[in-house]
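You will see subunit A twice below: alongside subunit B first, and alongside subunit C after that.
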Partner chain A sequence: MYRIRLHGRGGQGIQTGARILASALFVEGFETQDSPLYGAERRGAPVSATVRAARAPIRERGLPARADLIAVGDESLLGVAAAGVLRDADERSWLLIRSGVAAEIWRSRLGRSERVATFALEVEEGAELPLVGAACAGAAARMLGVVSRASLESALERELAALSAQARAASAARAFAAWDELAALAGCVTEEPAPIGAPLPRPDWVDVPLDPADVAAPDIRVPLTSVQVRTGLWRTLRPVIDDALCRRCSWLCSSFCPDGAISIDPDGRPCIDYDHCKGCLVCAAVCPPHAIRVEREAGRATEPEKVG
Partner chain B sequence: MSRVLLSGNAAIAWGARLAGVDYVPAFPITPQTEIIETLAGWIGSNELDARTVMFESEHSMLTAAGAAASTGVRVFTATSSQGLLYAMEMLYSVAGWRAPFVLVNVSRAVAAPVTLHSDHGDVLAARDSGFLQLHAATCQEALDLVLLGYRTAEHPDVRLPALVNLDGFLLSFTREPVELPDPELARRFVGAFEPGASAFRASRPVSQAVAVLGGGPYSYFRYEMHRASEHAGTVFADAAIELEAATGRANDAVECYRSDDAEVVFFLIGSLSTTAKDAVDRLRESGTRAGLVRPRLLRPFPTAALRSALHGRRAVAVVDQDLSIGSGGVLHAELAGALHGQAGAPLLASFIGGLGGRRVGVDELCSISGEALEAASAGRPPAPRLLYTEAELREVRKLQAIAHEERHR
Partner chain C sequence: MSDADEPTRYRRMQDLPSTHLLGSGTSLCAGCGGLGAFRELYEVLGERTVVVNAAGCMSLLATHPFTPFRGSWLYSAMASAPAGAQGVRDALDILIAKRRIPADEDLDVVVLTGDGAASGMGLSATSAAIDRGLDFIYLCYDNEGYGNTGQQSSASTPHGARTATDRGPRGYPGVKKDLFALWVANRPAYAATIIAAEPVDLARKVEKAKRMKGPRLLLALAPCPPGWGFDPKDSIEIGRLAVRTGVWPLLEYADGRVVRTKHYEPRLPVERYLERQRRFAHLFEPRRDEQTLAAIQTAVDEACARVT
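Let's turn to the complex of A and B:
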């Protein structure tokens, strides 16, 4: 069975990418399964999706214990511990990273002697298309070596059917560009053979102890936890207030911000807390003089996550 | 018939579409919302001739479902977790009205604490409500059970609503190959809903009893529901045979996998059963005769079929993905009740796992079967085991340490 995991941020089309890859494998005659994994919040938050493919019906479900290929659509996630990108990478796993940085540099950064590949993809300002996911699917399909270009094409058609012709073409172009870029590695990812007979180790079971209730109740009674979680890491677009245009109405943007991320200083000047602004752009939409412009985060979020 | 990739949620929506539903009262909740979105999309594009109405809560949604079904239209609705619990009062009421429709529950563990992932704490809370209860193990089954649900629920001798359950994420958002039945075949299979004299019509009031009853009449109506639910087992079995003849897919009330000669059998419900089949094969390769017995139908409880499937087995490992706090596994208690006093009944060992989406893998299942067999050799059922690993406890200790530090800051 092939087990492949795609990682990215909500809004990059990672689930769609997994669908394209599974669909292409299905067209090739494989039994397939694809499933996304995400939490309560999506846009900008780390998401992953799993694709399985085998010649027999697939009974395994949920997160696989290990992956043959881990495709990362957003390199900044490698610095976010909670994204769990490398959680189960072993020496058989291939790592594919969308990055302008060369594969050998990633190898040394990650302490891996081999099996790291990269592909490049520029995404235009404000693009709301599953481009990253589609490119990951194209690259992954090539690395598996068991998907024909025609099957990839038919999968792209099926899975992107709801988009406009123009958007479909843009996504397909990215998928094929990545497919071409990975030509030298065609077939490098191999199927993990089914385990035969070997006894499995006994799980490290423990008896759950009886703890005092003040430890064992899952209550959160302090506000600090939400301060600690830097939800600003989810942002793909950044609102920037132009001080010269701002009329200091001092309530619109700050009242409408669903995250309470805009405070007003004593002079009536709005100030955005980028550690927690999720980039929803509600503020930009409500500002009467259009004083809040939108910038792309590109490259900004690569600093590693601050813990505690 | 065509084979396509569908998520569990999409398969459910297809089931409702193929059953030709008329009315879809709705209220959103993760991980179910996609079902209603899909149906609403089809209604919007005129691919489905039905109406959908968004309510302000699941309680009202269920009330509307029961009221509409009482007028003789075909009703579909869906919820999850807290939503099912919020509607619970009306679950009992509409079942008491004998209003047949299909309610899909996408299993998600209930709060507190909060999670989005699956266990059966939500759906098992509804087991005494009068709803029939059907549990899907695959996306294909999710579709088939919606069709079977309507057939069974609307039968004139049943007239009880049916609850079809699928596991959140593991089925709801997982896409796999599904055979879409031919629409004409599906329509013929489900048939028209013929409410007969029981249909409520405006300006034509009918009463079948008085509003507030004493114990005697109350008992009569509850006993009638019970009889109807028991009878639903036969109706379901007949319908399943018919569906199998048309599609080649078996949907017996109890699925038995390699259990005929098994010394140890897994007993569990839902999508974990496909993992359990892998465990069965794995155990057989290494010389342990393992099998799986998995009820699709939980209400009515298929007592006779389970007694015969488990007769002569040495041990049964019951894996509950639920926990009745202060008692133990719900399935374990139900199975123990069904087998108690039966000659040749196997030893039952109880395991709790899979709460809130906690993964139960082949490795754990293999160890579980070993424990059950050891207990059978010793002739003594083991204490129920709450499946938990050292690594999991370490993770919680870390979370607690961080939370504790913040609390005292």
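Let's turn to the complex of A and C:
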């Protein structure tokens, strides 16, 4: 059985990518399963989707304990522990990363001796098509080596039918570009024959003690705990205030930030809380003197996470 | 508590609160216009509140054990937030009458609900609460669909908008239900339309509502990046266009009269608003749907003519 996991951010079409991959395998005569896993169900938040495929009926349920192939549509997720990209990756697992950085550099960054591949795909800012997911599906299909180009094409048609002709064509083009790019690795991912995971032990009686009220009822007893959730991890683009251009106007940026992530210090200077800025860029759009610059977050992907 | 004729504290952007009361780190989408409106409102209303939240996007504000609120929060089923608010109001009144809490520790009871719950399932509970003269603030963030479950059409979806359930070339065939008019017809203590893009107007209305007693509606148009199909950074811009085209007139009902609190003359043509959102793209491509565009413009003109 093949067990494949795709990772990306909400809005990048990762769920669609998994459907395309599963459909292509189905067309090839496989039995398939695909199941997306959303965390916050929100654009920008980490999302993953799993595909199982086998020549025989699939009796496994739930999330696979390990994956033969992990396709990462957004490299910035590798720096995000909560996204769990490398969870349960072992020496047999292949890692496929959408990245402009070469595979050997990723190998040394991630401390792996082999089995890392990359593919390149530029997505224009604001592109709303499932491009990343489609490209991951194309690349993954090639690495399995059991999906023909024609089957991928028919899966793309089937799964993208609801989109406009233009959007369908753009997504398919990205999928085939990735398919071509991985030609040298065709068939590198092999099936793991053994079923995964030992049968679960019978549950035992567990005593659950009552939590103290502060823990059990935070909505009543403990204010403002949400700041412990660092939604700065969602960001793919980063707003940066240029202090020299900022006019300390009536804090437009701060009033309009939906997340309240911009505070004003005592001398009237706005300051962005990057642990919680989601990168919507509303602040940059409303700033009259264009004092807020937009930078790509990608270069910062493997920066260690700050804790606290 | 205070005098309804007290002059407003909010005249310019500079007067707006500069500290953000609502915690960051919530799992709502980047650029959410509903969150923007609610955050601005919460800053004026203050922390002495109990928020009764019908299921919807905003119920993800507080996901156990995290909360962005400084006061209490109660989750309710989609249809029953006003009934929940009645229970909380009664409990507070009884506790005060029995001197279990001092009268000056009273809290504002605030319903927080999406348009789907407000104008559909929750409408009878709301209507009954108004009949009973319940002393509460009712905040509806109107993202014009069932946002949390993927933007299906609600009774508040505008005519012609494409949604997850109206995917055809004509979009939603119905007409947006006028929740403001429904409230006004029931003679509440106060009712107003607001939007995050006009924070001073919003702050004045919240300030006013806070000083009153009885059923009070604050109805916020909530530009929704994924549901409406626009880039999150344009959230405030889309809101401004909604006001400047007359699609979302800023209204206030008090003392038996509806007045317009902010005028932009001349109004911009509605197309300027529609063309920025993917949910209306089919009105422009592959060819302009003159008939629907004209119908939408006429409806806006007529609605604007009814209020001065």
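The definition used in the following text is that the second predicted complex is superposed on the first by the 208 of 308 C-alpha atoms of A that agree within 3 Å, B and C clash if a C-alpha of one lies under 4 Å from a C-alpha of the other, contacts with A are read in each partner's own complex, and residues count from 1 in each chain.
To be clear about the criterion, a contact is a pair of C-beta atoms (placed from the backbone, for glycine too) under 8 Å apart; a residue touches a chain by one contact, two chains touch by 3 or more.
Keep in mind the model is a prediction, meaning the values are calculated, not measured.
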Between subunit B (first) and subunit C (second), which, if any, makes contact with A:Pro218: first, second, both or neither? both
Does the superposition put A:Ala183 against subunit B (first), subunit C (second), both, or neither? neither
Once chain A of both complexes is superposed, is A:Gln228 in touch with subunit B (first), subunit C (second), both, or neither? both
I'd like to know which partner A:Ala261 touches here: subunit B for first, subunit C for second, both or neither. second
Thinking of the overlay built on chain A, is A:Ala161 touched by subunit B (first), by subunit C (second), by both, or by neither? neither
For A:Pro36, using the defined touch cut-off, is the partner it touches subunit B, subunit C, both, or neither? Pick first, second, both or neither. first
Tell me which partner A:Leu252 touches in the superposition: subunit B (first), subunit C (second), both or neither. second
Subunit B and subunit C footprints on subunit A, overlapping residues: 39-40, 215, 218, 220, 222, 224-225, 228
Quick check: in the complex, which residue numbers of subunit A touch subunit B? 19, 22-23, 26, 31-37, 39-40, 58-63, 65, 195-197, 199-208, 215, 218, 220-222, 224-225, 228, 308
Subunit C contacts subunit A in the complex at 12-14, 16, 18-20, 22-33, 35-36, 39-40, 47, 60-62, 64-75, 148, 167, 196-197, 199, 225-226, 229, 231-237, 278
Given the complex with subunit C, which residues does subunit A contribute to the contact? 11, 39-45, 126, 128, 162, 215, 218-220, 222-231, 234, 249-252, 254-256, 258-261, 263-264, 273, 275-276, 278-282, 284-286
Report the residues of subunit B in contact with subunit A in the complex, numbered from low to high. 5, 30, 112-113, 116, 169-171, 173-177, 271, 274-275, 277-278, 282, 285-286, 357, 359, 361-364, 366-367, 385-391, 393, 400, 402-404, 406-407, 409
